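Consider the two complexes below, in which chain A is the common component and chain B and chain C are the respective partners.
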Partner chain A sequence: MTLPFLIFLTLTALVLGGALAAMMLRDLIHSALALAVSLLGLAAVYLTLQAQFAGFAQVLVYVGAVAIVIVFAILLTRGSDPAGQPVFARGWPWGAAAAVAVFGVLAAGILRSPLAGTEPPAGVEAHAAEVGKHLMAEAVLPLEVTGLILTVALIGAAVIALREKVES
Partner chain B sequence: MLKHWLVALAPAGVQPLFSAVISIAGVIAVFATLFALTTVAERKGLGRIQNRYGPNRVGPFGLLQPAADGLKSLTKEDLTPAAADRWVFFLAPLVLVVPAFLALSVLPMGRNMTMVDLDGGVLFFFAVGAATELSVFMAGWSSRNKYSLLGAMRAIAQMISYEVPLILSAVTAVMMAGSLSTDEIVAAQAGYTCGVPNWFVTTPWGLAGFLLFLVCAMAESNRSPFDLPEGESEIIAGYYIEYSGFKFALFFLGEYIGMFAVSGMAITLFLGGWNAPAACLDAVPSFVWFFAKLGCLIAFFIWVRGTLPRLRMDQLMNLAWKFMLPMALLNLLVAGLWRFAQPGPARWLACGAVLAGGYLTLARGLLEAGGVRGRRVYRFAE
Partner chain C sequence: MTPALSPQLTMPPLQCYLLLAAFLFSIGLAGVLVRRNAILVLIGVELMLNAANLNFIAFWRFGPHPEAMTGVLFVLFAIAVAAAEAAVGLALIIALHRHYQTVRLDRADTLRG
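Right, the complex of A and B next:
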């Protein structure tokens, strides 16, 4: 067993363990923190794949923003007391079946794609400059559309937040 | 360099490891010492501003005060509230301190003195900074204390709000240098024009960006006038109210290291990094300049803390969203303009005029809306 493989195993355990903990812990806050651990592990996986930019962006966006927003939402909406009911709902086999089906479809899709068999070119590192060039040259339309959608979402959120209850 | 000489002494097989250990030990030792000195300087400086002596009992001029404080916090009882969430409570100080030190690793502290020169160094800096918010929340929530939870909520709201203009103002420097690597950003600021160093702060967008960055840095490190999360008179000490002994010391250390890191980033992005302020001073070792600039920024932070009163929550939010954010966006635009305009005094004046116009409009809008000066309208209290 080589060192990179060992590192990959450790990180996989971290990601899967975090995801499982996020699902199974009673306390919603604990779940959110476990999710943050899982996302951090995913960022580390990106780093081992020589994708520095994606890894750091993953930490910045998911651990820094998304996890915090989830935590904030939990605190603002309802009591963060542990739930009384059991973690597994009664219909859990159906959920598991759906999860397996989705996994199967995704895996089949990935394996059939032309990229499946190709080996990654050795010694190539995704530099931030390269990512930027591709984003601004080839993928500029999707980028702009994404930006537009995000702006619309931001304005929408502000409009919803503006509506205040006026009570005399 | 001393480090290379020391590394050469070690057997060849362990040299990379040995080199890393020396760098890490050096950074931790230097910044921990700086932390100790800063606490004394801060207490002395605040004392001077408030017309009293600072600490003056331990050692000459009270210089050994940090040693006494450190011993005290080591030997103090380490309390964990009975209702606290033990694991999260224990992890919170670590989640604060470790990323704070990690953030130091990408700062160029001198010529060839960047511990790890990453291709995405600036991105790395902000990514590890994100852990601070998580740590503050973990501390505030796990203590199971109303004040600490209030402090954590305040801290998160403040940090999220100010992180946006912080990163946007840093983006201008990245745009100009054309790289996310801290080394290359410093290299882009080398050299002199007519005796004036080519630091980004000497350009209109650089000056605006630097000021925005500095204000946001103050807010990110929870320092006065943005110390609402730990306002002593309101919520006692905010999110670390239940921490005692060494864990409290870790929080204290983490906050100061975070402040050093973000000041170091401001120096790297706008103040020319380790470059000397004049060509004739280039002979002075480069790290002297970095630490001199760091010292100036720390002194500025202490001065501001002794001078300005704490903001109110609504003032804080209005400042962030109605002034800092539009100003940072305008600054991005001006930086783009600067990049493609002809060099010369006209470019300087045009960009400066746009920024000054934006500043006046936004500031007037903020004042007229009663954002900062106006009376607060209370919804839930009389």
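Right, the complex of A and C next:
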């Protein structure tokens, strides 16, 4: 077994183990930490695919910001989920069966696809400078619109989470 | 650099990455369908979005025109939009908590027919 394959298997175990733990643990804080581990593993997978900038953006945005925001939300809503209650919803076997069926369909499609034996082109790397040139050339309008979306989301999130005025 | 020593040729094949993404998507979907807590449902949505991002990166890396950077650019925009979605979603959960004193989805059923 080659070294890249061994690295891939390790990262796969990290990503899937973290995701499974995030979805199955009872304590929400443990779930958030497991999510951070899983997303960090995914960033490492991006690095092995020579997408450095996407990997570091993943670490900054997901492991840095989103995980912290989720931990804040868990702390702010603490006490609303009393201990001893069932973690899973009533019809959970149906949900699990649906997820297994979706994975079966996707895996069958992937394994039977003619793309399976594709060889990657050599010498490809997504340097930050290259990504920046493309962002400033043909993707400049989506970039500006993304800034607008983030501003609107920031204001919207603040307005939604603000304390409601009590009408008297 | 001879082709035999090039690390690209010993990379795992494309379907390994696609299967990893499919499994990650299924875990996220199972979490969304199965958990009672709204925050865990949001975490499941994040996992599904990340599975889609992994597909974009894998197809970009194995595709015929990687110099166009389409996959990487799409992932960057997807990460930005997912961050906005997480912020608004968690704000909604906090508003829900303030209103109903619960984040359990089976209790917030006012709109249920």
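Observations
As a convention for this text, the second predicted complex is superposed on the first by the 126 of 168 C-alpha atoms of A that agree within 3 Å, B and C clash if a C-alpha of one lies under 4 Å from a C-alpha of the other, contacts with A are read in each partner's own complex, and residues count from 1 in each chain.
Going forward, contacts are C-beta pairs under 8 Å (C-beta built on N, C-alpha and C of every residue); 3 or more make two chains touch, one makes a residue touch a chain.
If you're wondering where the values come from, they're calculated on a predicted model, not measured in any experiment.
Judged by the number of chain A residues each one touches, C leads among chain B and chain C. By the touch criterion stated above, A:Val59 is placed in contact with chain B alone, chain C being left untouched. Of the two partner chains placed by superposition, only chain C is touched by A:Tyr46; chain B is not.
In the superposed pair of complexes, A:Trp92 makes contact with chain C only, with no contact to chain B. By the touch criterion stated above, A:Ala129 is placed in contact with chain B alone, chain C being left untouched. Look at A:Ile29: by the touch rule set out above, it reaches chain B but stays clear of chain C.
After overlaying the two complexes on the shared chain, residue contacts for A:Ala139 are found with chain C alone; chain B is out of touch. Where the contact sets of chain A with chain B and with chain C meet, they give residues 53, 57, 65, 72, 80. By the touch rule above, chain B contacts chain A in their complex via residues 85, 88, 118-120, 123-124, 126-131, 133-134, 137-138, 141, 149, 153, 156, 160, 163, 178-180.
On the side of chain A, the complex with chain C involves touching residues 2-5, 8, 12, 15-16, 19-20, 22-23, 28, 31-32, 35, 38-39, 42, 45-46, 48-51, 53-54, 57-58, 61-62, 65-66, 69-70, 72-74, 76-77, 80-81, 85-90, 92, 94-96, 98-100, 102-103, 106-107, 110-111, 113, 115-124, 126, 130-131, 134-135, 139, 142, 146, 149-150, 152-154, 156-158, 160-161, 163-164.
Residues 3, 6-20, 22-37, 39-40, 42-44, 46-47, 50, 53-54, 57-58, 60-62, 64, 66-69, 71-73, 75-77, 79-88, 90-95, 97-99, 101-106 of chain C touch chain A in their complex. Every residue of chain A that touches chain B in the complex is listed here, in rising order: 27, 29-30, 33, 36, 52-53, 56-57, 59-60, 63-65, 67-68, 71-72, 75, 80, 125, 127-129.
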